[in-house]
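Here the structure comes first, spelled out in structure tokens, and everything after it is commentary.
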Amino acid sequence: MRGLIVGRFQPLHKGHLAAIREAFSKCDDLIVVIGSAEDSHTERNPFTAGERFQMLISSLTPKERSRIFIVPIRDLNRFSLWVSHVESHLPPFDVVFSNSDLTRSLFAKAGYEVRHTKAYNPKDYSATEIRRRIASDEKWEHLVPGPVARMLESVDARQRLLDAGMKPVPSKGGGCRAR
Amino acid sequence: MRGLIVGRFQPLHKGHLAAIREAFSKCDDLIVVIGSAEDSHTERNPFTAGERFQMLISSLTPKERSRIFIVPIRDLNRFSLWVSHVESHLPPFDVVFSNSDLTRSLFAKAGYEVRHTKAYNPKDYSATEIRRRIASDEKWEHLVPGPVARMLESVDARQRLLDAGMKPVPSKGGGCRAR
Amino acid sequence: MRGLIVGRFQPLHKGHLAAIREAFSKCDDLIVVIGSAEDSHTERNPFTAGERFQMLISSLTPKERSRIFIVPIRDLNRFSLWVSHVESHLPPFDVVFSNSDLTRSLFAKAGYEVRHTKAYNPKDYSATEIRRRIASDEKWEHLVPGPVARMLESVDARQRLLDAGMKPVPSKGGGCRAR
Amino acid sequence: MRGLIVGRFQPLHKGHLAAIREAFSKCDDLIVVIGSAEDSHTERNPFTAGERFQMLISSLTPKERSRIFIVPIRDLNRFSLWVSHVESHLPPFDVVFSNSDLTRSLFAKAGYEVRHTKAYNPKDYSATEIRRRIASDEKWEHLVPGPVARMLESVDARQRLLDAGMKPVPSKGGGCRAR
Amino acid sequence: MRGLIVGRFQPLHKGHLAAIREAFSKCDDLIVVIGSAEDSHTERNPFTAGERFQMLISSLTPKERSRIFIVPIRDLNRFSLWVSHVESHLPPFDVVFSNSDLTRSLFAKAGYEVRHTKAYNPKDYSATEIRRRIASDEKWEHLVPGPVARMLESVDARQRLLDAGMKPVPSKGGGCRAR
Amino acid sequence: MRGLIVGRFQPLHKGHLAAIREAFSKCDDLIVVIGSAEDSHTERNPFTAGERFQMLISSLTPKERSRIFIVPIRDLNRFSLWVSHVESHLPPFDVVFSNSDLTRSLFAKAGYEVRHTKAYNPKDYSATEIRRRIASDEKWEHLVPGPVARMLESVDARQRLLDAGMKPVPSKGGGCRAR
């Protein structure tokens, strides 16, 4: 059985990785789609698909790498064509893992089995909160896999976010209890 | 060292596979880009990126699959942006394997090391010739890896090519001596 | 004389229908353009052009259907080309019915006669307010034509809006006095 | 039952009209899609969608006009998304009338009933041949409905074709026996 | 030496003109890119590239006009390709004048010398504030070059902004001390 | 009076320059549009807009440069919007100089005065023939302005054309009597 999981991974954090591993444990093969692949250098999508691809490679084990396919796919901004757009890029798959209502609804309508992943709580890991912390120079490194932390430092992620127009702001108290 | 090789794989044939293996033998990791990824159902690009992805997966060994990344990338039709477009989708790479003058020239201008692959002679293996043979109901199965032959039969490749407007035509004597 | 009226119809409500009928009463033929035709599954544009097309068909009388042309047109996001874009899709028309300042200004500059429709007060009928009510499970059915109400129920409009990211929120007191 | 028929109508000729009427005779409603709707002023697509819309309106009877929907749809140039693209613009339909192998194959794969129309022989009516005749100042008016002939004269169709780069050429003996 | 400076000029104000002149004083030739060239009639980009081109022409001296190239360039909305996109439109340039962090960062990464212009304080001149003043019927003419003021009046800039959806609002106290 | 002249300038030759000068002699200002601005590295459009921009700058006198505006504009591939697309990029102009039937027809329909330029005979100067000569290593330098010849050599124009897929072919006897 081949699974599909979609994320933007801006950046890849430990919650993403747990969800990928939960999905992978139930499949023979897993396709990890990097969504919004052509976007970068914005507040919401600061990192290129290539950088996010490298985050995934560096966080997977060799065994995982041999059965997980990483595929960047651009937004089409036409949700009525989204499933066909994704299908046209990928080898056949059987089940879609997603916690997004829209993704679940569109794939279910197209006849796919759709499952939740349970592994992470958005209160514990949130890419939005991690971006806020990076921009605000607060502690974030423990929320992402070690190789991702090193990579974000090497590309000067904080400057990237400031260049994209982010302002350092204090936490609103939500997100990432895992501190 | 990470290598990059680009092809359209319409369809994947034994010459492509030899070139991929030659490039892979010189690298730690290899990225195989499926070009013209959004095109399908035309004479020149009959198969979807997803079908071509499946051709590659089914023809690689498990060991190869663990160090080869398959990435579909759409045409941008702006050659002056082509290298940046490719880079934005991919983890860093060091060397580009290509026999196309334009690809070599664009990547060389952007500072990449560019190498030829020597493994196949376009007189022996040519996707254009294979498409002609499929449409014309001539022998073609020996020119592609076994799993690709089976897959092309299962999707009724001949009908696909006829639907796309191909006409059965006799060989012009060029291409694919490997008969 | 042939008239033109443009709307997004997200969803079609009784105010839209009154405006269409007011415009139609002054013309021999009327073109009803479904704007933002390629958008769907978003908060602002939840329904596909096809669904909106069906809303219009099901709300018009047979006589109206024989003299009203329904034409979905995508956004070009280039207002300086908007009139030419619309014209390129349509048979000739003489007068534009619109209450939008921008639409009126662009068509007037291109030499068209531009008229207001008077039939509905945005305080009585507002698609934005109807979407809010649907998402919030408040009474909305009386604001749209009967066939539209049935259709919205059959496509589970509330779930569509929640999938698109809408949150149930209480009324701000504006919109739709017609309660 | 609602049918769908697709054409480019460059220009609308008597064979098109017979096929539309054959399809309409088997349905309650018929959708006529004007394909390649954003193309015009080229050799292959000289007339705008709006002009082709007018050709259809002027050739249908009032009774036909009340049950036939004319919908211009642009090319997406992604055949794997074509059916979804068309569906997103249209109210639901049950059966597709087409003699194009690709159209038939794509709609059949998506689960639609697909039927041929038998009404016209491309040897009798061919838009390509009609364009050649117009450009070459040969007799063509009898091949199109009367209102289309008058309209083509009023827009100076011959000059349009020459502007688009067509050269007057003598017949190759194919096409349009109906002389 | 040839310099490059990028702006949206919505509208061109005296701060822009001072920055252009500062950059020009350090170069033999200067390219002035009109960014977001395909946008117009929106709150953020009310004026067409053509109108902004005219603002620049009318504000430069003949001597400046002979060594300053004005080039409208559309947004690509892909920042990772932005520098290549700009380069593909322009003759070679040596130095980029910009106060935008993102522009500076992208051009610096591509190997260009990047310099600040010092000439204007955004507190003194701000296009956002000028648009607010125009929409709100407050004094703005002294903030733009004379020919720009006249041109904005002749195209009825206030109506343009209202058409685009701007609402008259009182100043928030920021922007444009130069009152 | 401001004139407009459009060309692709692949490459700029002496016939183009004579036409530009003829047009300029009848105007106060002249806009020279570089068409197909986003295309490059193809047989038909080998040079980037930036390279073509530099060809123009280097061939004009300082006096001409102060009254001639060079503006690259991309193809929209929608001829029914072409005039609006061009207008949106440019300051107002009064007269269009063109020998292309389609360009003349589209601008005339939009209300512009349209004039022929008489200065060059396509039999004497033809960019198609010059590209053929460059690829075939025949004499071509005398057909272009001196600075263009030097520039084409410095970018290795022959290799550019071969990279784009051109094959050296002998003259068919047409084009460029000016040998």
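Should a chain be cited, it is by its letter among A, B, C, D, E and F, assigned in written order, with residues numbered from 1 in that chain.
Note that in this section a contact is a pair of C-beta atoms (placed from the backbone, for glycine too) under 8 Å apart; a residue touches a chain by one contact, two chains touch by 3 or more.
It should be emphasised that the depicted structure is a prediction, and the values quoted were computed from it without experimental measurement.
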Contacts common to chain D and chain F (chain labels): B, C
Smallest number of contact steps required from chain A to reach chain F: 2
Distance from chain E to chain D - Cα centre to Cα centre, in angstrom: 47
Euclidean distance of C-alpha centroids - chain E vs chain F, Å: 29
Distance between the centres, which are taken as Cα means, of chain D and chain A, whole angstrom: 46
Chain centre separation in whole Å, for chain C relative to chain A (CA means): 37
Multi-partner residues of chain E (each touching 2 or more other chains): 38, 40, 48, 78, 80, 87-88
Chain contact graph, described as a line, ring, star, complete graph or other shape: other
Chain pairs in mutual contact under the definition given at the outset: A-B, A-C, A-D, A-E, B-D, B-E, B-F, C-D, C-E, C-F, D-F, E-F
Residues of chain F that touch chain E when the two form their complex: 37-38, 40, 48-51, 53-54, 57, 62-63, 65-67, 69-72, 74, 87-92
Of all residues in chain F, those that touch chain B in their complex: 38-42, 48, 159, 162-165
Residues of chain A that touch chain C when the two form their complex: 78-80, 101-102, 105-106
Residues on chain B engaged by chain E in the complex (per definition of touch): 78, 80-81, 83-85, 87-88
